[in-house]
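Given below, in the form of structure tokens, are the structures.
Heads up, the next two complexes both have subunit A, just with different partners, subunit B and then subunit C.
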Partner chain A sequence: MLKNYLKIAIAVLRRRKFFTFISLFGISFTLTILMVLTAFIDKVIGDNYPDKKRDRLLYINRIEQKGKDDMTSGPLSYYFLSHYTGMMKTPVKVAISSGFSGTNTYVNNKKIAVNYKYTNADYWDVMDYDFTEGKPFNKQQVDNADHVAIISEDMKKQYFGDAGPVVGKYIEADNVNYRVLGVVKNVPLTSYMFFSDIYLPYTVSKADYKGKGYGGGYMGVLMGASKDDVPKMQAEYENLMKRVPVESKNYQHLYSHANTFVRSYVDTGNEDSSGVFIVITAISIFVFIFMLLPTLNLVNINITRIMERSSEIGVRKAFGASSQTLVYQFIVENLILTLLGGIIGTLLSAIALCGINSVNPIANLQLSINFTVLFIALLVCLVFGFLSGVYPAWRMSKLNVVTALKG
Partner chain B sequence: MFKHLFKLIWNKKKQNFLLMTEMLVSFMVLFAVFTLMVYYYDNYKKPMGFKYQDVWVINISNSYQTKNTDSLDLYYETLRKTIKALPQVKELSFVSGNVPFSKRINQSGLTFKGKHIDHLNNFTAEDSYKETMNLGVLEGRWYNKSDAVSKYKLVVIDADLKEATFGKEPAVGKLLGNDDDKNKMKVIGVIQTIKRNGDYMTAGPGFYFRADTGSFRWLDKILVRVSPGADAAFEGKLYKTMAGYMKNSNIEIEHLTNKLKDANYFAVIPMIVLSIVSCFLVINVALGLFGVLWYNINKRKGEIGLRRAIGASGNSVSSQLVMESMILATLSLIIGSFLLYNFRC
Partner chain C sequence: MIRLQNIEKVYRTDTIETLALNSISLDVAKGEFLSIMGPSGCGKSTLLNIMGLLDAPSKGDIKIADKTTANLNDKQMAQFRNKTLGFIFQSYHLINDLQVLDNVELPLLYRDTTAKERRALATEALEKVGLANRIKHFPTQLSGGQRQRVAIARAIVGRPDIILADEPTGNLDSAMGTEIMDILINLNRNEGTTIVMVTHDENMAHKTHRLVRLFDGSQVQ
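== the complex of A and B ==
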């Protein structure tokens, strides 16, 4: 049965090549754009370099204090993080690091912009950076406030050029000389929690990290012993935060959460507006409006085609075909068309992704097609095919046999 | 003639309904994209408000810590003299963190003569700010040394704020402040609004306060105007001077031209993406409509043949068909405009 439908479908497609072209054009381009968007989101959220142990990790990015008229929200101080996470029993290790900031260095009459980040020793155990050379600094070097640094591959190329191994050499940044201990693979800017050009021990920070205020420039990552410990860790941190007093009379409430990766990535910093909700709503609205036009278009074209074939339908009905059979046949034909469009769309998006990668708008962000993307593409195709086929099929089944035969 | 056409369209209302819906949605999409482009273009046409070429900004992460205001002032005056003495430095000014093209925001609100003004930018700068930035002074003057002692608190406002508060009247000499404020500020000058969010986004109203002796405690940026040939070697020297003087601070030097490029990035990229996407959508719809209309017309061969046989000219037939489509399009446009007018934000 299916083979017959396939044959009929291909015959119909070849009959009116222009209509076929329009439908395929619409489907394939919609699919290409959706796939590029999916690849982008997947890379930004799915790429788990350097936090490869993501399913055992929780991220603490913000502390918010709220009063009747006042509100303050921002990253935490080193003191707050180390003091309170030190009290917790569930985490095995806690990584504490600052957000990245910019400075300059001038070498060979050339200016290099350097992004730097302060970390503690456990940061390198919790994260899994790929070291192309050397190794990270350890607890003793942090305690001694040694002037050592881990640099990224890009930084190595910019500062040292194409020299060989640079471990042991000195790099000057922020007017201070640091000894290079290791070189790590680049992190794209979209992983803003872990991105930097050089990583330094927090003890060499020029800012006062010992201050007992709650706000500062640091964020923490809690590592549990296993995936099952994550809910326990989250609850423990929540309970701990309930007991922390507010800093001044202007505030009544204090909020700080240990979140999973996706939640912390889109965190708006405001307790009342959930970042995840905003992002998902925005993306859904965009996708809906974007898919609305091509779907309407396909519905129109399909109705036109059916009207064209009204004599054929009339003959089949006269011979006793039920409406259900005809509807079924038509939807299958439509699905074949959309799947064909899907294949073309996949090819086009592969070309588009290659093009985007070569332009390299965001450094070190290589987009690729993986199974998630393909799966979403297939899903979109099927949804398209179904949506654009249902209404015309229903219209067709209502055709009066006599009117259809008359033409 | 029109009544006849309307009747024809009404006869095929179900089919035409779909066509009209498609045209309606594409019209809304195109309208949204064009509104955005017009908004960007409007902002682009406005003057920048200052000369940003050859202006660098020095970010100081930790200000000098001392409780004594006098030693604080002495420290920063010495720093200013040292920098000014460098050969390629023309002028400099200490400023608050919200320099042009930065992401720092320092805003408040104002209720003046019953009108509520939101997102009002607060800037703090020194007397030398005018020379450093090459400001466009529209009315009155910028600050000078004589303003150190004054009966009123003085303020310089920008053109956007002046329009929002005083309209077309001259603002110099008038008092500005919240309606319930007993100590209003006196306006001594109006300057051109600085497009601090880049070429394409609105800057919003702002007013400028004069830095006083205690301000050095929290002013953490320095704007420096350098001579046009200043290169990386000179920048390195400036950097070393700053870092050597402020040993407990991280120093970063940025060029305003680069910061402007980054700020514009945020406006240009979404616009490019939206244009590409809507272009594709419109082509799609156009092709679809083309196909559907072609088929419909083909079906009416009998009717057209009959009209020609009776004696209608070719032009008359084609104009009738074109008019039918135009009416459909116009109806969609009217409905679309109506919807947009009701939902305008």
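== the complex of A and C ==
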């Protein structure tokens, strides 16, 4: 039976080449866009460099205080993080780091934009950066406020060119010289919580990190002994935050959460709105709208094709095909078409991703097609094929046999 | 084999009501070869479609192979047609995208048969109509007579009890028409297949066991 449907499907595709081209173009173009989007999301969420121990980490990147007429929300101060997470029993280590900031430096009179970030010593134990040279700074060096730095491979290339090992050499940033202790593999900009060109001890920061205010420019990452500790850490932090007094009488409530990676990544900065919900909704709407147009186009084309095949439908019904069987046949034929479009879309996606990677629009972000992306693409194809086939198939199944045979 | 009692068929539009069949009662015995004749628009094809369960009467009862068909749902009706009835159309209605063998196998797709069984039965049916050497051809590569022979093979491949033929020689010249008629007569004589044939051709009609004439939806002979 399936072989028969395949023969018919191929014959129908070959009969009206222009319609087939339009259909395949719509499907493959839509799939290309969706696969590139999926590859992007997969990279952003799935790539766990440098936080390879993600399954036992929790991320604290915001504190919010709310009053009747007043509200403040933003990253935390170094003091708040070190003081309160220091009271916690469950985490084995706490990484504290600032967001990245930009400055310029000059090499041979050439201006280079540099992003720098401050961290504590435990940051390098919690994270798993791949060192291509050297090693991270330690607690002693942080306590001593040593002017040492870890730089990215990109930074090494930009600043030192094609020089050999650079450990021990000096790099200038923001008019200060730092001795290079290590070089790490690049972090893509999309991993905004950990991205930087230069990593410095927080004790060399020009900003006041000792202030006892709650807000600042830092985030924390709690590391449990195992992933089983994550719920405990989360609950412990929540309970701790309930006991933290608000900073001023203008505020009645204080919120800060230790979240999993995804929740933390898409945090909106507002306690009342869920970032995860917003992101999922936005992606779903985008995918829906993007798929809607080619689906409607394919529905239209399929209805036209069905009417051309009314004689065949009449004959099949006359010789014993039930409406259900015909719907099944038509959906299978449509799935064949969409899978073919899917194969073309996959090839186009591979080409598109190569092009995007070569242009490098987001620093260090290299997209690729992997099994997740392929699986999602296949799923999209099947959903697409089903949706665009089911209504025309239903219409066809309702055709009266005698009317259908008249053509 | 076929019993029609007081069959009426009315076509209604917003403004017009047309009585296509007016109280037709007809019995067709097992193994009988029946012709139905009449002027254009008299209801011959309508009557044949009703016999073939392709259309439902507005009134009346149909019994085919001792089975009352009124209460059958879509799926049951399709299965019943598949097992009991075979159709031959004036315009052949072959599927041009499929080869001859695939066309003939069509009724068997809706039965519980293996691909091997289908192929064997279809080849046997094509041998009966003398086209076993054309299994890989497409309908567009055949003459009108050959196409009708493929259509006959398709109609008989499932060994139905009844064949309904709507002007099977209508699109053929007299020589080809005679060839087709001979095949149908042989089928009826040698296999005992009950055949009901709508035709305009008196010569063909007189070769059958019985002739029924319709005029303006009523039986006149």
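The criterion applied here is as follows: the second predicted complex is superposed on the first by the 407 of 407 C-alpha atoms of A that agree within 3 Å, B and C clash if a C-alpha of one lies under 4 Å from a C-alpha of the other, contacts with A are read in each partner's own complex, and residues count from 1 in each chain.
What we mean here is this: a residue touches a chain if its C-beta (ideal position, glycine included) is under 8 Å from a C-beta of that chain, and two chains touch if they have at least 3 such contacts.
Here the structure is a predicted model, which is why all the values come from computation and not from measurement.
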First (subunit B), second (subunit C), both or neither touched by A:47: neither
Is A:26 touching the first partner subunit B, the second partner subunit C, both, or neither of them? first
Between subunit B and subunit C, more extensive residue contact with subunit A: B
Check the residue A:125 against both partner chains and state whether it touches subunit B (first), subunit C (second), both, or neither. neither
With both complexes superposed on chain A, which partner does A:153 reach: first (subunit B), second (subunit C), both or neither? neither
Just checking: does A:325 make contact with subunit B only, subunit C only, both, or neither of them? Give me first, second, both or neither. second
Please work out whether A:4 is in contact with subunit B alone, subunit C alone, both, or neither, and reply first, second, both or neither. second
Check whether A:293 is in contact with subunit B, with subunit C, with both or with neither, and answer first, second, both or neither. first
For A:304, select first, second, both or neither according to whether it touches subunit B, subunit C, the two together, or no partner. first
Sort out for me which residues of subunit A touch subunit B in the complex. 18-19, 22, 25-26, 29-30, 33, 101-104, 106, 109-111, 116, 174-175, 206-208, 289-290, 292-294, 296-301, 303-304, 307-308, 361
Complex contact set, residues of subunit A against subunit C: 1, 3-4, 7-8, 11-12, 15, 311-312, 314-325, 400-402, 405
Mind pulling up the subunit B residues that touch subunit A in the complex? 15, 18-19, 21-22, 25-26, 29, 59, 61-62, 231-233, 235-236, 239-240, 243-244, 247-254, 269, 277, 280-281, 284-285, 287-292, 295-296, 299
Give the list of subunit C residues in touch with subunit A in this complex. 49, 52, 54-55, 74-75, 78-79, 81-83, 86-87, 89, 93, 95, 97-98, 102, 105-107, 109-111, 115, 154
